[in-house]
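So, here's a batch of structures to check.
Presented sequentially are two complexes of chain A, the first with chain B as partner and the second with chain C.
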Partner chain A sequence: MDRRVMFGGKVLPYMLLLPQFTIVVVFFYLPAGQAVWQSFLLQDAFGISTEFVWFENYQELFTNPEYYRTMGTTAVFSALVAFLSLSCGLLLAVMADKQIKGATIYKTMLIWPYAVAPAVAGVLWLFMFQPSLGMLAKLLREWGIDWNPLLNGTHAMILVVLAATWKQISYNFLFFLAGLAAIPKSVIEAAAIDGARPVRRFWTIIFPLLSPTAFFLLVVNIVYVFFDTFGIIDSVTGGGPAGNTVTMVFKVYYDGKLGSDLGGSAAQSVVLMLIVIALTAIQFRFVERKVQY
Partner chain B sequence: MVERQTFASKFVPHLVLIVGVCIVAFPVYLALLASTYDAASVQTGKMTLVPGGQMIENYSRIIFSGTNSSTREPVGTMLLNSLIMALCVSLGKIAISLISAYAIVFFRFPFRMTAFWLIFVTLMLPVEVRIFPTYKIVVDLGLLDTYAGLTVPLIASATATLLFRQFFMTVPGELVEASKIDGAGPYKFFVDTLLPLSVTTIAALFVIQFIYGWNQYLWPLLITTRDSMQTVVIGIKKMITTQDALTEWQLAMATAVLALLPPVFVVVVMQKLFVKGLVETEK
Partner chain C sequence: MNLGRKLKLQLAGALLAGSALTAAAPAFAQTEIQWWHAMTGANNDVVNKLAADFNASQKDYKVVATFKGSYPDTMSAGIAAFRAGNAPHILQVFEVGTATMMAAKGAIKPVAEVMKEAGEKFDPAAYLPAVTGYYSTAKGEMLSFPFNSSSTVMWYNKDAFRKAGLNPDAPPKTWPEVFAAAKKLKASATPNCGFSNAWVTWVNIEQFSVWHNIPIGTKANGIDGFDTELKINSPLHVKHLANLVELAKDKTYVYGGRTNTGEGAFTSGECPILLTSSGFYGNVKSNAKFEWANAPMPYYPDAAGAPQNSTLGGASLWIMGGKSAAEYKGIAKFFAFLSDTDRQAKLHTDSGYLPITKAAYAKVKDSGFYKTNPYLETPLIELTNKTPTENSKGLRFGNLVQIRDVWAEEIEDALAGKKTPQAALDAAVSRGNTMLRQFERTASR
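Presenting the complex of A and B:
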C-alpha cells in the first residue's frame, strides 16, 4: 500500500467506491449486525413480542445435545472429505507431475468437476446409489450389503462424503500440481544420485516441501465443507435420515426457515461467523509467512 | 531424471491417472446414459452401460415443456435464468471491484485505509452466516423474484477487489507519470492504460465468477418463489424431491447434464485462464 499515489480529487475516489460500498453496507454489514442483534432476542411463537434476553439463546444452544451432535457430524464430515480429497488430489498430482505422455490431457480430464454445482454433484451421486434403481446400489446388494442411504444414517453419510470428495479432488489436484512444479528438480535429482528410491524421495523431500500447500489446502477444504456442501446435503439427504447428515450450516437454514426459531438460528450464525473469522485468520497468517521467506 | 526408466515406473503413473479419470467421469457418464433411456428402463434399473434410443425425445421434452413433477417449468427457461444470473454476478463483480480497487490504489484521499479494511472484512461474512437478515432486506426492498434480488447481494466481493488491488500495485508508477505528462486525467488513464493491462486478470476472474454465479444454490433457493424465476440448479433439486409422482430420473439426469455442461465447457475451453484465476483469487 506504500506505492506513490498519483491522483488527487475530492469527490471522484468516493464516487468510485460508492457502488461497492452501498452493496457491502446493505447486504453485508446490516444483515450481519442484525444477526448478532437478533441472537440476543427472544421472539414469542406468533412474532408479536420480542424480548432482550442477553445470552439465553447461546446458553440454550450450548446445553442442547442436538447442537453438539451437529458439531460432531460437521467435524466427521469435514475430516473425511478433507482427508480423502487431499490424498487423492496429491496422488494424482504426483503421477501427473512425472514426465509422461499426455500429461496435459490427463490434467484437463481431472479438473472439470470443479465446475459442477454441488447440488448437481449430489444428484449425480444419488442416482448411482439410489437404493431401488441405482446401478452401484444394485451391485452392492449383489455383494450382500444391505445398502440404503435413505434409511441408514451411516450410508447417507458415506454418500455425501463421496459426492463432496468427488467435487473437491480437482481443486486439490490443481494446487498440488502447482506446488510440485515449484520444487526445483535439482534437489530431487541430487537425492536420486545419493541413491534415494522414488518412495523415499517423496516422503523425505517432496512431501515436506509441499506441506505449506497442503496446509493451505486443508484450511480451504474445511471452509468448503462448512459452506459449499449445503447443496450436496440438501439434494442428497435433506439432512436425513433422522438428522444424521445435518451440518452446522444446514441447521442454521432449517431452524430459521422451518422452525422459525430466529433467535436460535441467529445465535448459530454468530457461532459460524466466529469459526470463519478464525479460519480466515489462520489462512492469512500462513500467507503472510509465505510472503516473507 | 538420472535414473533408468523401468517398465513399472513408466506404466504406473498412466494406470493411476486412467483409473482416476474414469472414477471422475463415471457419475457424469451414467447421467448421460440415463438421459438416453425411457422412464421404465431407468425406473426398474434395466439400464445398461450402452446408450438407449430416447435421447432426442428426452432432451427436447425437458428443454421445451418440462417434467410432470413439482416443477413444471421448461428447462430452457431455467437455463436462461442461470445464464442471466451467472453473467450479472460475474460482470457486476468485475465492474464494481475494478473501480473500487482503482480508487484505493491510485488515489490519495482521507479514510483510504478504512475503505480498504471495510471491504476486506466482508471476506469473513459468507452468505450462509447472514442468510435470513439478508433475505429480509431483499424482501423489504421488494426484490423477491427479481434478477436484481438474485444477483446484487452476491456482487460485492472482497476477493475480486483484493485481486485487482494486488494487480494494480504491480503497475509501475512511471506509467502513471507518463500519462499525466501527456495530459491524461484519471478517466483517460483508466480507460487507455489500466484496462488494456488488466485484460488477462479480468478474463481469469470472469471464468471463476461465472462458475460461482451459475452454481449458486442456497441464495436462489430463498429468493425465487415462482417457478419461472428459478435457476437450473434449483430446478433439478425440485425434480428429484417430488411428492405427487414418481421421480422421472431420465429427465432429471438430462437436466443434470444440461446444468453442468456450460460451466464445464468454460473450464475446459479456457483452462489457462481458469487455473490462473483460481490460483490468484485464493492467494
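Presenting the complex of A and C:
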C-alpha cells in the first residue's frame, strides 16, 4: 500500500520551487544575460549612443595580443595563489590540530586575516614592501636585493601573489581544521598502533579522508582567484608595471569601471565566465573521481 | 552561486550605486542642488564650507555636497547615476575626464549656456586663460567650471642642497642642470635617489610637451577634434626618456610610479628633487622635516621657445543635463557665488588651490601674500608664463585615463630596459591612437 502523502495538482510543487527559482533568476540569469547582451553593444560612457555590433567586441578582444598576455598572467597568478593558499592552509591546520598549549588562540589569530577586506589587505602588503618606505623592502635591500615592484614585473607578481594568498589562507585553514576534526581519532590511533609514522599516517589516512574538503576548497579557491582578487591587484600594483600583473578579472574591472568601455568589459566577463564554468566542470569530471566521500 | 553573485555585483553594481541616492524631499519650497565631489581631508572641509556659506547667503536654493570617493570613483558614480536617470546637478570631474564629459552632449550642459540662460553675469575673459582654455571648446565656449586647479612644479630639499654644496636659493633651471645637481646630491647627500617624479605621464609627457611648446597630439592636442593623433614620439620626447633611462641605471633618477604614491620619497627626505603637483603643498608643509622650496619645471635650453606655459591638473565642475530651469538658475547663482573675487582669493590662500579669475590673482598678489608664501605662486607663474599656443592651451583626448596607463606601461618597459626609448614611445603612440579611434567612434555619433 502506498503510504506517501500525495498533494493534488501540479501547481504546488512549482509554487514551492518559486522562491529559489526567483533568487536564481534575479541574481544569476538576469545579470549574466545582461552581460551577454551588453557584450554585443558598442556604447559611449553615458549610454547616449548605442550600436549593436554583433561579435565585434569579441573580435577585438581575440585579435589583441594584450588579452592573451592577461590570460597567461591569470594562469600563473591563479595557479600560484591556489597552490600556496591551499598548502599553507593545510599545513597550518595540521599543526593547529595537535594538542598544544593555547591552541584556541592560534586558531583565532589564524582566522583573522579573512575578516580583512581585499583592498585593505592589498594596502597592508603595499606598505610593507613599498620600495622607499616599507620595512620589509628595506630589509631586502640590506640583503642586497634590488627590490622594486614599481619596475620589476616579477617583484610585482610576487607581491600580489603574497597578498592574495595571505588573504585566503585563513579561509582554507578554517575548512581544513573542521575537516580534520571530523576524522575519527580511532582510525588514526589504529594506524599508529600498526606502526605508521606521522608522515605516513598523514598521506595514507588523513589526506584521503580530507579529500572532500580539499576538493571543495580547490573549487572555491579557483573562483576566488578568478573573481575576487581585482581589489588586491588594484590597490597593490594597479596592473603595473607595464601590465605585468593585469589578470582577466582586473581587466574587466579596469575597462568597465575606469575606462567606461562597457561592451568590451562585458565581452571579457562573458569569456571569463565561460572559462570558470569550464574549469569547474573539469574539476568535477576528473578531480572529483579521486575524492573519497 | 558565487559566480553569479560576482557578475551581478560587477555589472549591476554600477546601477545600484546610482539608486542609492534617494532624493530627500525638501521640507519647504527650496530647490535642492546635488553636488558630487572627490575632495578628501582639508579640501573636503573647504567644499562643505562653500556649500554651507552659499546656503546661508540666500533662501531659495540649497546645495548638498556629497563625497563620492576618488576622482575616478566620483566620475563613474556620476556616469552610473546618469544611466539610471538620477544624475547629480553638479559633478566634479578630474582633468583627464574632460573629453569624455564633453563628448556626452546630452548628458551635460555647458556652463556658459547655463549662466546666460539664468542671466548671471559671466565674462569668460575674467578667468585666467590657461585655466579656461582647458575647459572650453575650440570656439571658446566654457563647458565646465574650473574648481580646484594645480600645475606641476619642482619641489626640492634645501638641506640636501646645502649638504651637497649646491646653492639652495638657486635651484636648477634646465634639465641638464637638474641632472648635474641630482648626480651631486646622490653622491654626497642622498645615496638612494637623485631626483624623482610622481604622476609619471602627466609630468614627463603632458606637462613636458606643453612646457616645451611641442604637440602631444594633432588638432591642438585634440581640442579641435576627436580625430586627433598622438605626437609623443618626437625627438625631444625620445631624448628626455632616454636621459631618464640612462640616469635610472644608477638611481640618479628613481621611478616614482603612475600616481602620487611616490611623493612620500620627497617628504621622507629620500629624494631631494621631486616633480609633482603644486597641490602637494599641504602635504609637504605638514610632513617634511627639512627646509624645502619649489621652483618652476625644468626645460631643455636647446628647445626653441621653451619654457612656454604649463597646463592644469585638478578638476572642474560639470553641470549635468536634463534638469529643470529653476535648478539651473540655482546652479548659476552658486557658480557666480564661487567666482566672487574675495571668495576666490580666500579659497586660494586657505587651500592652496589656484585662483581662477584674474582679479583674484591680482588681489592676492597686491596683498603681498606671495612674498611670504612664494610656493603658492610658482604654478601661477608657470601657467601665465606666455600666451598659450595651439600646443599649450590644454589637451583633450578621449579615453585619456586608459591612454595614460598605456603610456606609463611603455615608459616602464623602457626604464626596465625591455625596450629602447624610441620603440617604447612609438608603441605608446600607436596603442594610444587605437584607443583614440575607439573613442572617436562612440563619441562622434
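A few points about this structure:
Convention: the second predicted complex is superposed on the first by the 225 of 293 C-alpha atoms of A that agree within 3 Å, B and C clash if a C-alpha of one lies under 4 Å from a C-alpha of the other, contacts with A are read in each partner's own complex, and residues count from 1 in each chain.
Simple rule for what comes next: contacts are C-beta pairs under 8 Å (C-beta built on N, C-alpha and C of every residue); 3 or more make two chains touch, one makes a residue touch a chain.
In this text, all values refer to a predicted model and were calculated from it rather than measured experimentally.
In the overlay built on the shared chain, the residue A:V120 is in contact with chain B alone; chain C does not reach it. Put chain B and chain C next to each other and count what each touches on chain A; the higher total goes to B.
In the superposition on chain A, A:L150 makes contact with chain C only, while chain B stays out of contact range. Touch criterion met: A:M273 reaches chain B and chain C at once. Contact with both chain B and chain C is seen for A:Q34 once the two complexes are overlaid on the shared chain. By the touch criterion defined above, A:G238 reaches both chain B and chain C.
Once the two complexes are laid over each other on the shared chain, residue contacts for A:L42 go to chain C alone; chain B is not touched.
Contacts of A:I169 after superposition on the shared chain: chain B is touched, whereas chain C is not. Of the two partner chains, neither chain B nor chain C is touched by A:A196. In the superposed model, A:P13 makes contact with chain B only, not with chain C. Note: residues 24, 27-29, 31-32, 34-35, 38, 130, 132-133, 220, 227, 238, 252-253, 256-257, 266, 269, 273, 276-277 of chain A belong to the chain B contact set and to the chain C contact set alike, using the contact criterion stated above.
Of all residues in chain A, those touching chain B in their complex are 1, 3-10, 12-14, 16-17, 19-21, 23-24, 26-32, 34-35, 38, 88, 91-92, 95-96, 98-100, 106-121, 123-128, 130, 132-135, 138, 166, 169-171, 174-175, 178, 189, 192-193, 198, 216, 220, 227, 230-231, 234-235, 238, 249, 252-253, 256-257, 262, 265-266, 269-270, 272-273, 276-277, 280, 287. Residues 1-8, 10-12, 14, 72, 76, 79, 82-83, 100, 103-107, 192-193, 254-259, 261-262, 264-265, 268, 270-271, 399, 401-402, 405, 408-410, 412-413, 415-416, 418, 438, 441-443, 445 of chain C are the ones that touch chain A when the two sit in their complex. Of all the residues in chain B, the ones that touch chain A in their complex are 1-3, 9-10, 12-14, 16-17, 20-21, 23-28, 30-31, 34, 42-45, 47, 95-97, 99-100, 102-109, 112-113, 115-116, 118-119, 122-126, 128-134, 136-137, 152-153, 155-156, 161, 169, 173, 176-177, 180, 186, 189, 211, 214-215, 217-218, 221, 233-234, 236-237, 240-241, 249, 252-253, 256, 259-260, 263-264, 266-268, 271, 274-275, 278-279, 282-283.
Residues 24, 27-29, 31-32, 34-35, 38, 42-49, 51, 130, 132-133, 148, 150-153, 220, 223, 227-228, 238-243, 252-261, 266, 269, 273, 276-277 of chain A touch chain C in their complex.
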